[in-house]
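Here is the structure we will look at.
By letter and in written order, the chains are A, B and C; residue numbering begins at 1 in each of them.
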Amino acid sequence: MISSVFDLVLRALIVLAGTALATFALLWHAPGDPALSIALARFDTLVTDEVIEMVREEAGLNIGFWPAFRAWIGPLLWFDFGNSSVTGREVLPDLLVAVSYTFPLAFAGLAFGVAVALLLAFVATKRPGGWMDRVAVGVASLGAAIPAYWLGLLLILLFAVHLAWLPAMGARTPAHAILPALTLGLGVAASLTRIIRSSILEARAQPFLPAIRRRGVPSSAIGRDHVAPHAAVPVITLVGLEMAFLLEGAVMVEIIFGRPGLGTFLVTAIEARDFPQVQAVVVLTALLFVTINLVIDVIYRVIDPRIGGQDA
Amino acid sequence: MRSVLVLAGGVGLIVVFGPVFAPYEPTMINIPNRLSPPSGDYWLGTDALGRDILSRLLHGARWSLGLALLISLIGLCVGTVIGLAAALGGRLADWIVMRTTDTFLAFPDLVAAVVIAGLLGAGTWSLIFALTVTGWMRYARVARGIGLSLRTRGYVIQARLAGVSPWAIARWHYLPSLVPSLTVVWTGMFARAILGISALGFLGFGVQPPMPEWGTMLLDARLHMRSTPLQMIWPGLAVVISVLAINLAGDTLRDALAEKHTDR
Amino acid sequence: MLKVDHVSVKRGASVALKDVSFSLAAGKTLAVVGESGAGKSTLISAILGLLKPAQGSITWAGAPVRLCRPALVMQEPRSAFNPTLPLRHSVFEAVKARKLHVGDARLDRLCKGLELERDLLDRRPAAVSIGQAQRVGILRALIAAPSLVLFDEPLSALDAVTQKHTAKLIAQLQKEEGFAALIVTHDLGYAVAHADEIAVLKSGQIEEVSTPQDFAVAPKSAYCRVLRDAAIALGALEPAE
């Protein structure tokens, strides 16, 4: 148990190191002169050759790949992401501000999505194969096919343009978060509904349930004690994995609704070729997902000792 | 399997013959008729430059569906080769491949694709590269898993003893068993590629204007949401219908395979 | 000559074979008998080179066994053939891979010796009986004229009548082809009837190696006596008087 957890941590560290190297290599070998792009982003059109050279030196672009990688990875271990090459400001505080917008949105979306998914799944499994089941599955299939950006635009069209009930652009008041969270949540709900539905059906099909029912245990107690826990295990892990979907969704949603956050931060940074900022977002994301996967793997092993014997 | 063939045939037909049915040139600018509502002349209306939306959608299928097909097939080949290499290549190869796969899987694909496509500079080639780099892992995992389970089968051991080359073993004993599962994975990745292409197009990192890719069209249409909301509906609808059709075909195939499995 | 020299094989932490030594001369038959879990399958894997021994060496004519291209007949005939391909493909795999030439006459002779119709080879494994599949498996093993053939419980999947018949066919073909046979089996009757020597394997160690006559009349160790008496009680072995 201990050694397999140690193994997992080691594996996570390797994955992190790999991601850091891949990101850095990608940035380093990206076409075009990064110094020129940075200079353009910083000084607009007043760019001369001297300015470009100055930027090159300042951004540490004039040394080789490995020295540059070492110079970057060293401070990174202490969460020092360096300074933005465009604004010159420290990256970390700006990144944290972005995170403080994205995380609440993501959690609101997740909460809404899980609630809708549970509701739909319960309705669907009341009578499997009945019309309500088909409608719920149909809605879920449709939801999985709708891209977040289109759904967001449709919601804006309906609630902000036609009905004028809710604000659409920006993030000034909590009301501004309703439509983005709705967009994100419906996407989550679509993918979760089918999984929750099938794990409820599977849990109900456990061979010992008829025996318990015949002994006279009321069905509400059976649902609580035998069906729900069995169905919960895969669902909990999947909610964890939904995080990847949430972040992707958040990137799109923030751009559609003009909200500040990690997505906007990333896209702006990419467009300005602000390498330290891009690196920071990538490393943070990798750290986040490696940690989530690690926690899920460990939970798996705690819940079910059968897992972990072989290399999955 | 038949549902997937029908699907592939349908996609092929739309991609090859769709533009034939387009009433206008997709890039023909006609400012006097800009932002016109659907009519007898322009069935779905025109966009901000007066281009016929129906024609653009039909031509756009080449980009949105054709590129997605291409990307998902490249991913299929790359992923299968990598997965089989892991399963057949010994412990070290397996370790390296699995840690690489973990690294790529540790990241939300779309975010990775945005970073890669954005940094390589917007354009079709970087789009293909970005979505391929982020789209091979599922194939590799499935191919490796099945490959590992086949390695101890009697007929594979016999082939090894007979001195059959690894290529011939992969060709005759591994690939046939991989086809059904990989086809299911492929339908999912095809749908993902369509969503990825249009998402990157919508962000401005994908296919560049004036090419009529569906996501790029949506990006244009967004500016005129208040005046002509319908213009925004069509490209999104095209994406949704395509993805829905592909997912349904994939589900049908998966159910059919599961049934076959339990029959035995 | 096959020489297994002080071989130990580890599987995980446990020892599957411990200091196993024996030899098998060209053209002769050695039966390895033992209970399930005694290490018979491990022994086969080690001889074929699928498992690396932790200690000791396994050679054929002084060179690694792999070089003499040993053939294997498996216990489960169906799973030894790719279900998606006609049997012909599997049978000729070794011939094609090594660019050998097998004349029609030889194929006919082998098929006749195994009582197989040649058309049978165009079917898939699921379309032939288990007995037929096993005989095709033997055909596959013999087609490239190997000097060493390993039989891993070749008769266990067959019914009693087919077992006797197949055993006879194997013995006849061995006379014609002259290969050395290492037969792993738990069927003492079969071992005594067809082998030149019998090696008894117990918990990964060789308990004794003796001729069938010696084994049937006077086993050296207590374990072998128990084994023999059990076989006699089950009717698998005639009491030697």
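Just so we're on the same page, a residue touches a chain if its C-beta (ideal position, glycine included) is under 8 Å from a C-beta of that chain, and two chains touch if they have at least 3 such contacts.
For clarity, every value in this text was computed on a predicted model and none was experimentally measured.
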Topology of the chain contact graph, where touching chains are joined (line, ring, star, complete, other): line
Chain occupying the most central position, where position means C-alpha average: B
Separation of chain A from chain B, taking each centre as the mean of its C-alpha atoms, in whole Å: 21
Chain B-chain C separation of Cα centroids, rounded to whole Å: 50
Chain A and chain C, separation of their C-alpha mean positions in angstrom: 57
Set of chain B residues in contact with two or more other chains: none
Complex contact set, residues of chain A against chain B: 11, 14-16, 18-19, 22-23, 26-27, 30-32, 141-142, 144-150, 153-154, 156-157, 161, 244-245, 247-248, 251-252, 255, 266-267, 270-271, 273, 278, 281-282, 285-286, 289-290, 293, 311
Chain B residues within the chain A interface of the complex: 98-100, 102-103, 106-111, 114-116, 118-121, 191, 195, 198-199, 202-203, 205, 215, 218, 222, 225-226, 229, 232-233, 236, 239-241, 243-244, 247-248, 251
List of chain C residues in touch with chain B within their complex: 48, 50, 69-72, 74, 76, 79-82, 84-85, 89-90, 93-94, 96-98, 140, 144
Contact set on chain B toward chain C in their complex: 153-155, 157-159, 161-165, 168, 172-173, 176-177
